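You will see chain A twice below: alongside chain B first, and alongside chain C after that.
This part shows the complex of A and B:
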């Protein structure tokens, strides 16, 4: 079976762990727990009738006090940038993280998700900003770890991109 | 400039028209471009005819596969269903082909698996047996019961010096698991997640301490587990070890990792998430699953000593039992031949024996027979019923007890007849004739050969005897010695003759001397002569009923004295019968 290392990246408390937990165990907890260092989870998905084991490195959230350890990124086949729709600053963090990844491991496949769509009325990230991301080639998803929206699609799309990096599916763009 | 060769041809063409020039050009083109034209025609034909010839594909197919290569998963994805269907079809139609193909691989693998399972089972059984009866074994059994684990497993864990529980081969950059093996019975968590976390931990530690890439976390310890990590250029090996591993184990891990890097260099370099090529490393990694246990606390020597002691005890017990049985058998055989004892039952009991039978009261005491046979009488209970046995020995013994014959009388039993010989006093003879037939087993008594002795005659024989001495001598003359011997017999007969009546014989031996010499010396000489005679008679104890005294006599009377010798150098005897109750009044013969 093919294994792929995927890093979950994003600002502080954007919902990386919740997305992983929703994806792996289909469980969501309202109780927030800060990730210390890194947590590794796995989930097997099927892409084009082929099983792919995604090793999900859930890294601690990037903030002004602690920055991502670049050594964790090494060997990644892809990554997911997670943003919190209710905090525009997390979009900037995602940009910085994306640049860090490119600088560290190169232009590997990635997808992004703006989380907390269940709180869409409180969103600070507006449509122009999103369009700008898409213009830069970012596959942008909307989802909610709490409601389970967009989670399967997010990981499925990245898995597909990992297996056929030359021709990403249209649904991801 | 006028030398241009084409100028005349241009002129000719202008006179003949365009046709001749064109022909020349055509001819020239044909000469120059004929091969290319043929190729162009073939290419045109191929373009016009788009159908692909199998022959063409067969030429390029291997190369095409090679070019798509291992990095392209699409090829595998496309071909997988066809390969699977073909394989399934082959298995259904010609299973023997598949069997023949995989038998060389599966046979050794199955044998190895069975051997390992048997070894493991034997080892567990041996450990269980070793510890099943010791105090420590009981504690471990309690622990097994408490924890719900098999006893053999608990024993193994306590005996464990070290055991490599799991070995991970992990891709260094990605942290993905390339292969993983675990010892039998080890609970394995998700090896993929563990591989990732192991890698993350190493990165964390390295970053935290600002270490370079060449510096790595090589070991850490969690409870009873130690994790040893051997770093390689592309992959690293992590061994999860329980106990205290020796340094040689790390060398083993290092060797295996080097070998993996040598054998799988291409696969490691091009690793893109597919760990299938590393499945072949299974035997190599399993070789790292080493285990070492403590030797059983009981050494072989102790076992031998214990076994020897047990054998010795068994031998001693067997030998003792055999001897006891032999003694008992011998004792019963002795009882069987013993007159007057008849054993009716003899049974062993808990710690001893029980006897029942018949016993003549005058027969030998069974306890003495027991002692002679070496049997402790306290271990035997006996119940004897009395009876009269008619064995000749017992009849004789019974006659002796009841008739109390003097020593001068001998009994003989002929069937039921008691025969008495020898000599005895008249009183005893009379009394015996009355009592003899009362002895059980005796129906007839015969004493024709028994000589009756009269006491007065015996007294006269004694009192008439005189022993003479040479002047000044106390030596018994040789001629007198037979006389003294005969006198001793007479005295013994006398003693036995008076014994049944309860009377006693008093014998006074008196020595005398002649008148020559000092009187005191003569007195002493007389006394010594009396004692010399007494010594020749056998001493003062002539019989239980005889009392002997020695003394100095007053001189010779005329009794039996020879006139040829001085009458004073003699020893005389004075025997008398006296009643026990009236010893002060001796009776005269």
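This part shows the complex of A and C:
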């Protein structure tokens, strides 16, 4: 079976672990337990009639206490940049991480998600900022690990991109 | 012994490894597999399942380990440098929780090893610090955000209220409303432009100052306002009050409580100066001293009185009986420079020669029978002031001579005395006679007439100023009610119509007695036609005024007789019908030699 290593990247507490948990075991917890190091989860998805095993590397959040360890990134087929809509600073972190990945493993496929869409009224990341990301070629999803919205689409889209590396499927954008 | 002591002790190294809680894997180049060295810690089986013959089956390893061990050859082949650790990773433990592991490569000569350790309490300690730090950052983020939101909301509210304030201010200024706001201590916190204009000062001069230092009201008005300010009701209106600002103003004051801030008051000033002046002018025109009326005829009289008061000459007031000649005399006196000196009125009608002389000029004790002591006359009593001689046409010839002398010499001589006394008295005389006719008839001295008629005021009869009747009647109604304690408020329009059409031979006096009569008869609070005396109530046609004037000669004699016969010989009733006093009626009868006939 095809295996693909996917890294979950983003600032701390943006919901990386929650998205993986929702995707893999369909559970969500309000309780925040920060990830130290990495936890790897697996999930098989079907892309173009074939099973693909996604190895989801849920990394710790990037912040002043922990910087991304480049060794974790090696061998990645793709990555997901997670942002928290209610904290504008997480967008800047996502940009920095994206540059780090390009430097470390090259321009591999990625998607991005602005998480916590259930709190949309409190969002700080506004439409112009989102437009700017899209103009730079970022596939941007909106979703909520809490409500399970946009989660399947997010992982599904990246899996499709990994198998047909030409360009992100139209449905992603 | 010695040999034995240098032999490698495998069981010891196993024990040491076990004590360190470390897994040691060695790469067997020939077999191209990892082999487990020594006895692994019990947690190890979680990561790899069961290990057969100490050889490691990578496909059985946890995903992280597969990835790490699969890629480690590139590390070994790479240039020697700092040995790179795997970084921490999490594996499920036996208890259903997680454990955190970390791996590192190790070269021992040609031997390639990988050490895997389980991160212990130091790591847990570090993890809890990071956890707390991140939770605090999230909490601070939320607080900061809520502060920002509050700030934005407050700024919005502030801007909105500033806008509302500006709008309200603009509106206020546009309306030209004079208003000030007082705080709890009565100090001015705001004033409109119109107020500043009214006060003739700038905003900074009055802000924070107590209202009573800024608004110059008269003392009694100030006390009234203070009282109103202390009151608890929402609105007080008062005034007009005299406001002694840059120029004196009459204002109407509205005191409103600020509903938003108890204790604060809003004072609104309405400039009523113009209205006040107009009203005063109107009042002045409607009455003059005690005279009531605003007909052109009366306005001319008021002006004449004002003119006459300016000079100190003798005045003759002419008018029918009941027109108010004495009121005119009093008005002249009180408008003149003599107003603080006495005003003495004497009726000269029906008095004998000697009594009148003694009354006017005084007498010496024993001058005549009954003169038991020295007595000053009215001239002396009126010293410095005005002596009003009513019915001057009735004074006997001797007294006329004496009077002429006083007017010429300004001296009087008491009866029974020889020495004249100087007097300073202004004489105002009045008559209902036509004195010129009396002069022709020889009953009045021509030189005296000229002496007293230097100035002349002619009072119109009431029928010539009917437009004053409502005003007069209403004013009399008030006076009569006050005197009798009855509360009659008004005259029925029909009553007024009757009063207007009556010819009033007895003039204002007749009107007054008609009103008195009506008030007594009146049952309600409105005078109806039937409350009026019968001769007025019964009248339907306005009789020709020519029947009533002049009150002289044959016409008058006929009228007296007619009145007497209508009153069936009752003289009081006849006098009333003619609107003249009983005394005048008797005198008239005497003049026409009718006194004894009837």
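Quick note on the criterion: the second predicted complex is superposed on the first by the 172 of 173 C-alpha atoms of A that agree within 3 Å, B and C clash if a C-alpha of one lies under 4 Å from a C-alpha of the other, contacts with A are read in each partner's own complex, and residues count from 1 in each chain.
In this text, contacts are C-beta pairs under 8 Å (C-beta built on N, C-alpha and C of every residue); 3 or more make two chains touch, one makes a residue touch a chain.
Note that this is a predicted model, so its numbers are computed, not measured.
In the superposed model, A:4 lies in contact with chain B only, and not with chain C. Within the superposed three-chain model, A:87 lies in touch with chain C and out of touch with chain B [touch as defined at top]. Using the contact criterion defined above for the overlaid structures, shared-chain residue A:129 touches neither chain B nor chain C, since it reaches no partner. In the superposition on chain A, A:96 contacts neither chain B nor chain C.
When both complexes are overlaid on chain A, the residue A:45 reaches neither chain B nor chain C. Once the two complexes are laid over each other on the shared chain, residue contacts for A:24 go to neither chain B nor chain C. Of the two partner chains placed by the overlay, only chain B lies in contact with A:164; chain C stays clear of it. Shared interface residues of chain A (contacting chain B in one complex, chain C in the other): 5, 37-40, 42, 55, 69, 71-72, 74-75.
Touching chain C in their complex are the following residues of chain A: 5, 12-13, 32-40, 42, 55, 61, 63, 65-66, 69, 71-72, 74-75, 86-87, 122, 124. Looking at the complex, you find that chain B touches chain A at residues 73-74, 77, 80, 171-177, 190, 192-193, 196-197, 200, 203-204, 206-207, 272-275.
By the touch rule above, chain C contacts chain A in their complex via residues 62-64, 67, 71, 84, 86-90, 98, 100, 102, 123, 126-127, 130-131, 133-135, 137-138, 141, 145.
Residues 1-5, 37-42, 48-50, 52-53, 55, 57, 69, 71-72, 74-77, 163-164 of chain A touch chain B in their complex.
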